[in-house]
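When the chains are written out, they are named A, B, C and D in that same order, and each has its own residue count from 1.
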């Protein structure tokens, strides 16, 4: 769990004493940083699930030291030579890569989960809002391909604002590409579990994130196609407070279960045992 | 079209002059019987589609003299030795058979429709409310089997109050049996068109009638699972006037098209041309 | 809670209670009297339940203390992971489903839950599913097909819900679709009617390779009350209708509609739920073990033949009429 | 109706109108003047349309007189039998579909209709589909699969509808499901972007073996206005965003996103719909004829490869960085 200790340096405050505490973004409770990390960034007071970095997520999801990264070299490519008012995409991508020490908004790899061999993909919202780029799409497609060839279940943790518009149409097409990967798993009977974390929107919710054999969500995660503000502008109405929460999606039939972070690993292990297709059954 | 002339004797009034006229059950308009029959029992004033006997339906649906009945010998069987307060089912079935000159609430056969070889089933509401009995289920299953073996599309016209309760659970099981027949057609790619006529309810709407490749309805036909009165009693509310009409089902996504009787044959011929799977295309 | 026809049982139970009260009050030794009364009680229960009329069976099948879905889940499955939603509209609370393990078999479990408390009953709509429930069940069955694990279905519903929104969202279509898809589902399906097998609402999750029935459960094309109201023009004639409709397990076994009767403990499932679960689990596990050995082709052909046979017109037998 | 950037065209048209009015009034012979003005007009239209900026192309793609679904149906198909409903919830009016015949090919046709009159536009929700629309399209595509006939998809939508009920009923799920199912659909799919290819709302019916685009249509991950609002913090910068996003057909062809550009008549599809239909029909028919020759296996492998290639990381090219 080294990642939990190393992480969150950026939030360090100048005053030394404050450094021991963190403030829950939801209920504003003051919580010891050590406790906060031990609780996997879940607030003991209000149950708020804070975002995790991809390394934190890997650490709390798979068996220790079992993770082997795949396709680490894949990084953003500037298909459009895109620049907006402020900056060039190529620069932004490079800066982000250097700052975070990861090459894209998703980390993929093989690992074991309670001893079960899996293929895992974990998005990182810090990387340009977890946006779906050609690099992300490629890594997911390759992960699904690896899962297919090695008959391992695929688990993808989503956290994304949607498509990466700086890659234009190439980004949009990654929706089709990732779903083509999932389609192959469906035909071959390879399990695919989608875990939706806060937030999952747009081109990610409207592609691989929503077509899991199981769609599992973290409590309180916001999940939807269009953003709340866009919808409010369109329909000129205020939306209910629980709109697009995981709980709302459960009630409307799009999520199988809401699973707290502390129970996620065991739940995943349990459900994976049902998709073994003739392989020896899991240990009870 | 002999059936149209011969039919409807029962409605004859004692006064001779009245005999020339019929009264539209919907708008109460007086219409010449000859015109009424020529319009296939559709009211020229209000468009009301009156029920047809199975022979009338066959006459206006397939090519003249092309119909060859299948499984004509199948008749009701009294699996339960059922009798209610008034009568024995065995007697009722026998009387109905003799009165109508048909053995069951469905007539099945092979025929051609604008030259296209088909298998046809036509329910007759006069036969104990067009109820789904083991005989009806058997004839439909056998018709689907014939369609499968001869690679002919299957067209079923429904008109039924639901399962025939006098045959108890055996009647209920015909829902599963007929759907098993349709399932085979789906897997083999044989077209199955369901035509829903007034009324189609209960065990018939909840089985083969609702799972056509196309569900086609006649205008104004009442179609539903539970009857209006049962629902009103359950929810203690009055239902809207258009509830369970073909038009209502179209709006709610369960019917592909509403087709007036006069256009039915040509429409069927047209859509059948799309399900030929490599056979020479239909004439334009 | 005893039913009307259990008056003779209630009387003996009262005698036992009186005797115990007396013994507590005056310390008299009632051990042997009590023992003989207990034997009498057991004998009486056995007698009453061996002579149940169809209408009495209907009442037992609807007994408020009869085990329901949630009890069977706890009592028969070593693991249950409830899964939710039809991926289209909602998550029907009347129809429960998920991954479950029974004996050594991992499966998809579906079934109606009626709820126990008033709040639960309302939430579960008294076990009457809306179209969303049937669609959730179908989604889970398709998942079982992808994962190549069998489907276990527990049936206990008065009916599919006859409501306005149920019609709007296609109650008929949802049931019909399930019948069609279940006929061709490529994994074993074992169905057990545990309480009320209410018409199309039950059948919507009850097409299977093996259909079992608890000995005091019922399965009917229409509720006896409804049949009586139509054919006798008097809902009070439900007992006659229940008789005429042949809704009990022995009749259904005789007619070849079901494959096996699971014997309930003396006095009905509600008098000994644990024994009920043991018997039911054992029956289901046996069926699963057997069905799993069949090839996909054989399984589907056999399932189709099973339904094709029900009510099949036998030309040799009937042509003489 | 002329667009802002067509000022030079409008001026010549005005000159022609003035000349005609004058001739009518005084009977003067303006034949040769008129003829030269006509030539000038054609040349000017040609010039303007050969130099369209991306933002101007966006405006042409959204031109109120540009042919819409119903026009293509009438103009390209010898038969269209509209079919309705998703068999689950409703019949979305923004998404039209049914059996159709194009050239000698019988197919299932799906596409968005924007409506022409105000009433039609409202009924069609301006071509913005709800989940029911995507599910209807999927149902029809599955029908095409059963009947082994190809799917023709015409794309013209600003976006999937961003409404409350759309979210409630699973807009994201409906699109995602279509992408997944279309990737594995066992019949040829020919997609043509005829107007606006609006983001995921377009893609939800636009996964195919051949993706064609009319020369003045657009296809974008986000509407230029939306992109400008986010990245430029000013929706007025849409022209810059349109430029940056590379939304036009030539850019998309160059990037390997589409397979072919269908050349529109001079001055855009709305200036000569008949010629537009002829060119589009011919392109679609050619594609269908070619795709129908492929085996199912080859078809699906090729489709998958087509999408796997888009944005594929090329280790030989990028490893030098």
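Annotations
The rule we apply is simple: a residue touches a chain if its C-beta (ideal position, glycine included) is under 8 Å from a C-beta of that chain, and two chains touch if they have at least 3 such contacts.
The model shown is predicted, which means the values in this text are computed figures rather than measured ones.
For the pairs B-C and B-D, the count of C-beta pairs in contact is higher at B-C.
Looking for a copy of the A-C interface in A-D, B-C or B-D, one arrives at B-D, which has over half of the same contact pairs by residue number.
A straight line joining the Cα centres of subunit A and subunit B is 53 Å long.
Here the CA centre of subunit B is 33 Å from the CA centre of subunit C.
Taking each chain's centre as the mean of its C-alpha atoms, subunit B lies 42 Å from subunit D.
Centre to centre, using the average C-alpha position, subunit C and subunit D are separated by 54 Å. Residue positions 87-89, 169-170, 173, 177 of subunit D each touch two or more of the other chains.
Residue positions of subunit B touching 2 or more other chains: 186, 252-254.
Subunit C makes touch with subunit B in their complex at residues 160-164, 166-173, 175-177, 179-184, 199-200, 203-204, 207, 219-222, 227, 230-234, 237, 240-241, 244-247, 252, 255, 257, 303-304, 307-308, 310-313, 315, 318-319, 321.
Of all residues in subunit C, only 87-89, 135, 169-170, 173, 177 touch subunit D in the complex they form. Of all residues in subunit A, those touching subunit C in their complex are 186, 189, 191, 213-215, 250-257, 267, 270-271, 273-275, 277-278, 281, 284. Residues 71, 73-75, 77, 79-80, 82-86, 133-135, 137-138, 141, 163, 165-177, 179-180, 182-184, 186-187, 202-203, 205-211, 223-226, 230-231, 234-235, 237, 239, 243-244, 252-254 of subunit B touch subunit C in their complex. On the subunit C side of its complex with subunit A, the touching residues are 78-79, 81-91, 99, 104, 106, 108, 132, 136, 143, 146-149.
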